Amino acid sequence: MGDLKQWVDDIHRELSARSDKGRVADYIPQLAKVPAGKLGIAVATIDGETVTAGDADESFSIQSISKLFTLTLALRRLGGKLWTRVDREPSGNAFNSIVQLEHEQGRPRNPFVNAGAIAVTDVILDEHSPKDAPEEILRFVRYLANDDDIHIDDAVAKSEAAHGDRNMALAHFIKSYGVIHHEPTDVLGVYFQQCAIAMTCRQLAHSGLFLARQGVHPRGKYVVSADRARRINSLMLTCGHYDGAGDFAFRVGLPGKSGVGGGILAIVPSKAVIAVWSPGLDTNGNSLLGTAALEMLSKRTGWSVFS
Amino acid sequence: MGDLKQWVDDIHRELSARSDKGRVADYIPQLAKVPAGKLGIAVATIDGETVTAGDADESFSIQSISKLFTLTLALRRLGGKLWTRVDREPSGNAFNSIVQLEHEQGRPRNPFVNAGAIAVTDVILDEHSPKDAPEEILRFVRYLANDDDIHIDDAVAKSEAAHGDRNMALAHFIKSYGVIHHEPTDVLGVYFQQCAIAMTCRQLAHSGLFLARQGVHPRGKYVVSADRARRINSLMLTCGHYDGAGDFAFRVGLPGKSGVGGGILAIVPSKAVIAVWSPGLDTNGNSLLGTAALEMLSKRTGWSVFS
Amino acid sequence: MGDLKQWVDDIHRELSARSDKGRVADYIPQLAKVPAGKLGIAVATIDGETVTAGDADESFSIQSISKLFTLTLALRRLGGKLWTRVDREPSGNAFNSIVQLEHEQGRPRNPFVNAGAIAVTDVILDEHSPKDAPEEILRFVRYLANDDDIHIDDAVAKSEAAHGDRNMALAHFIKSYGVIHHEPTDVLGVYFQQCAIAMTCRQLAHSGLFLARQGVHPRGKYVVSADRARRINSLMLTCGHYDGAGDFAFRVGLPGKSGVGGGILAIVPSKAVIAVWSPGLDTNGNSLLGTAALEMLSKRTGWSVFS
Amino acid sequence: MGDLKQWVDDIHRELSARSDKGRVADYIPQLAKVPAGKLGIAVATIDGETVTAGDADESFSIQSISKLFTLTLALRRLGGKLWTRVDREPSGNAFNSIVQLEHEQGRPRNPFVNAGAIAVTDVILDEHSPKDAPEEILRFVRYLANDDDIHIDDAVAKSEAAHGDRNMALAHFIKSYGVIHHEPTDVLGVYFQQCAIAMTCRQLAHSGLFLARQGVHPRGKYVVSADRARRINSLMLTCGHYDGAGDFAFRVGLPGKSGVGGGILAIVPSKAVIAVWSPGLDTNGNSLLGTAALEMLSKRTGWSVFS
């Protein structure tokens, strides 16, 4: 652990000094105003230790990382039947592309592109009303992170809704193929709120521990089966970074899920969970310094699943 | 090792009894005539043990698995500069699709789709004549497998060339963008021969050991650096099974490269290499029983990189 | 005129005897229940004569033919500036495709594909409220046809709205690029009503006379300038039949606009207007017998613009 | 005729004064060195008169205009059966796009995109050897133009071949679908020579007269039937200007075929043929001043088929 703390601090120091911090997402004002200079790192090991550096205790908008939590919820509900609605292949396209949907009869390529995540959220509405569903998702995330101080940022959710035409297009499009069963307005109402959940790196790292622990929550209960945890990890690796998944695997070598708010959650199976946050993005919409931090840490620890 | 032998035998027995063996590739007569019932499994551990089952010592056409060997050769020659010519993202398209190439200015998505592999073979022609290059590739494969009894099946190579219009289209297309430097006829002459290399499961398993041993050949020399071995493994996982890469990662959880001849080479980092062969294919062009064998073996051994 | 009446009767008789009448649109129940055997033909000459045959005085749903009327209205309002929002090229894709929109930054290919027609209807909302706009369009159509007995079929409009997810997807998609300025729900509210206008062949033929008369209404006033009438005709020829435009030009050789209700309006510049109706469609969604009737009539009259 | 001569001279004078002359094609050196300032106009009426202006008697490379001649030849040989190999719909894509080919199983959209023209040239090789075919095409063009002083520019043909990878890709691609029957090298050998035919505006205008005269050669024999002439005209209108066909119909309103050498041949059915030449191109690859000249002339003469 001593080494790990040292490495994390070194990486934080080295990256903080970089001048190119990427470009903060500006499609909604709430994200645009976050300072590009923020950088947080948190590592939670399966032994129960947590080391952090920088802004690891500052909340940020988890955005697409929330897709991982709703996917887990939907799999708990539907099991393997979920895959009749959503495929599990990398898309080779931008996260919000509609082209592939038309060529593939409305079936989203995977649960992490927007269309796929919308289809996943639709499953949650089978059991919960549009009003209750965001609370249910929030309850689940708090349980996973073992921390009740996690909230939805309403201003972000509203702003997403106000700029939501592209996602509305995706939702109506897949509904025209029968892929979702509820009203697009309702599904996106939930979707925009799940994306607006705000968490710290520390909370995020804890929330992913079940994926590093063969599906078992740190407090002992199965969140999902060991098989399912393994498969969720595989989906994160092949599809977790949109059209930059190959590059992330190449450089970092860990299952991960990024969000446009600048966060990335990475799983080290049987070892640890890493959460990083830096709001400047690369051209694929993934955190520039966050990815760099993971690449450096993966190299120093030898944690890549490929070595 | 006792367990491993037992598992491999059990899997071979169980799968041999299956009636659905997939569909043997029939685009060239030489592949079409291989009996669908063949099934070979070989596992080579990094400790130097090898266990086999079924037709593990029968030669078959390695086809696209050869792309792994030429990629390794090209990386030894060009290093990271190779990535200016070829990207490393999953394609989300069939192995021989030309659509994405047009949208991306002729730059192949990764070294394992046909266009990308053709670009990789082009690099080998920088140093070797069209006549010598196939010999050079063969020498390299024999060295990796530590076995000189590996040959090119001329009938297969000729037949590929006779049905090579689609690949010729790809080669001319990327040449029009300056991605390859040599004549398409020359590049494909080499490409068709590398695909026609015939190997056994045992030979194939041995040839991949450097990827499980951080780049080090069983006889001790570095084939590539540890970093490079790790990255090649990541490419196999994200791009090694064409448009079925996500599914293979989901089910098997190992870096792998398949060929239309029915072979699959899978790497278990720091542990072993598995080679399977069964000529019947699934709809994505990957071995049906071969994939099933790997899925079963990965589950029994717990070798998935995601758990 | 004696010949023309004879020809129209002959064509009606010959086509009525055909067994293959195409397939009636069934995406909404209101269209599905129209008998496939209906066939109406009306020809209105610029001299003021009208000849008809068959069900020429029975009302049917004009559907996409309404796009011609809203285009004329929008051009009267915006003039050539309309073309900054919508292109005027054939699409090479289905009428409701979204693929090309993504490749072309949300700008619809032409005013006759659904996305383009939605953008055109959006222009009408610049001056009229969502509630008044359908009335305004109806007023204009009545004026053109010189007949006040033209109405909107509310059941059809409601049914379209109930099955409108694909069009909602298109509207939200182009709104995300700023191509439309009003709310998708409002724009589509108007759009579904304009498509639900019911007219007879006779009314339809009269409504198109200004396009055969260099922009001049039969009662003497300019509807649009001669230049604009000529250009609208050119758009009908290159884009009026979705992905069957080339075939329609090849066989019929006249500017025309078809609707999924089975109607087709064709312009013979400086000579006449032809309206046909038969609800059975071909694979491109154009009236099977209607197109055949136009082909036969164009051949007998020598009215093709290409001869 | 007096008026026509005056109009043509006026248009020539006005356009010669323009500073923006478009961009000369530079993908082969032979085309790049033609001065952008050239502008020729020739009008041949069906009464046998010819008026010209500017560089109307200077030879230029007809390039894609040759596709009109080979299409006519292929239709004379195969008749309507040609349409089983090539469709007749506008492409909605660039002239050399390969995307649509993949989506449509290798069947070119129309005979004027490169892939379609290659398929048409393949038909000519059914009866003529690769060596004789160019001579046969040349003989046909001389016959149509009633002028033996028409030649193939060998330097242009060779240069095309040296830069022919994109066309080679198209040829191999459609061959992989069985659309062409001869060797790509042979077919393109002919294709590059037909494109290298050099003609003057005067010769080109005469060569198109059969299309304005219901298929009849000025000397009295049928080149094609009246029906076929009409249909060829329709194809020129919907597909003759690549992805600028809609715009050309909108502005000029005449069937036309352009070439990257800056020539355009336009048909005025039952009236005349217009040939223009100016080597500077617009963004769609069509002659900038040539199109402007046709637009002005069409307006002054009222010759648009849409008015």
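We call the chains A, B, C and D, going by the order they appear; numbering starts again at 1 in every chain.
Note that in this section a residue touches a chain if its C-beta (ideal position, glycine included) is under 8 Å from a C-beta of that chain, and two chains touch if they have at least 3 such contacts.
Just so it is clear, the structure is predicted and the values come from calculations on it, not from any experiment.
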Reaching chain C from chain B through chains that touch each other, fewest steps: 2
Relative to chain A, chain with the most remote C-alpha centre: D
How would you label the chain C and chain D contact, same or different, if same means the shared numbers make up over half of all numbers there? same
Could you please state the distance in Å, as a whole number, between where the Cα atoms of chain A are centred and where those of chain D are centred? 55
If you average the CA atoms of chain A and of chain B, how far apart do the two points sit, in angstrom? 32
Length of the line joining the C-alpha centres of chain B and chain D, rounded to whole Å: 47
Which residues does chain A have that touch at least 2 chains other than itself? none
Work through the pairs of chains, note which ones touch, and then classify the graph as line, ring, star, complete or other. ring
Every chain pair in contact, whichever chains are involved: A-B, A-C, B-D, C-D
Quick check on the complex: what are the chain C residues that touch chain D? 87-93, 100, 109-110, 214, 226-227, 229-231, 233-235, 237-239, 243-247, 249-250, 253, 255, 269-270, 299, 304-307
Would you mind writing out the residues of chain A in touch with chain C in their complex? 97-99, 101-103, 165-166, 168-173, 175-176, 184
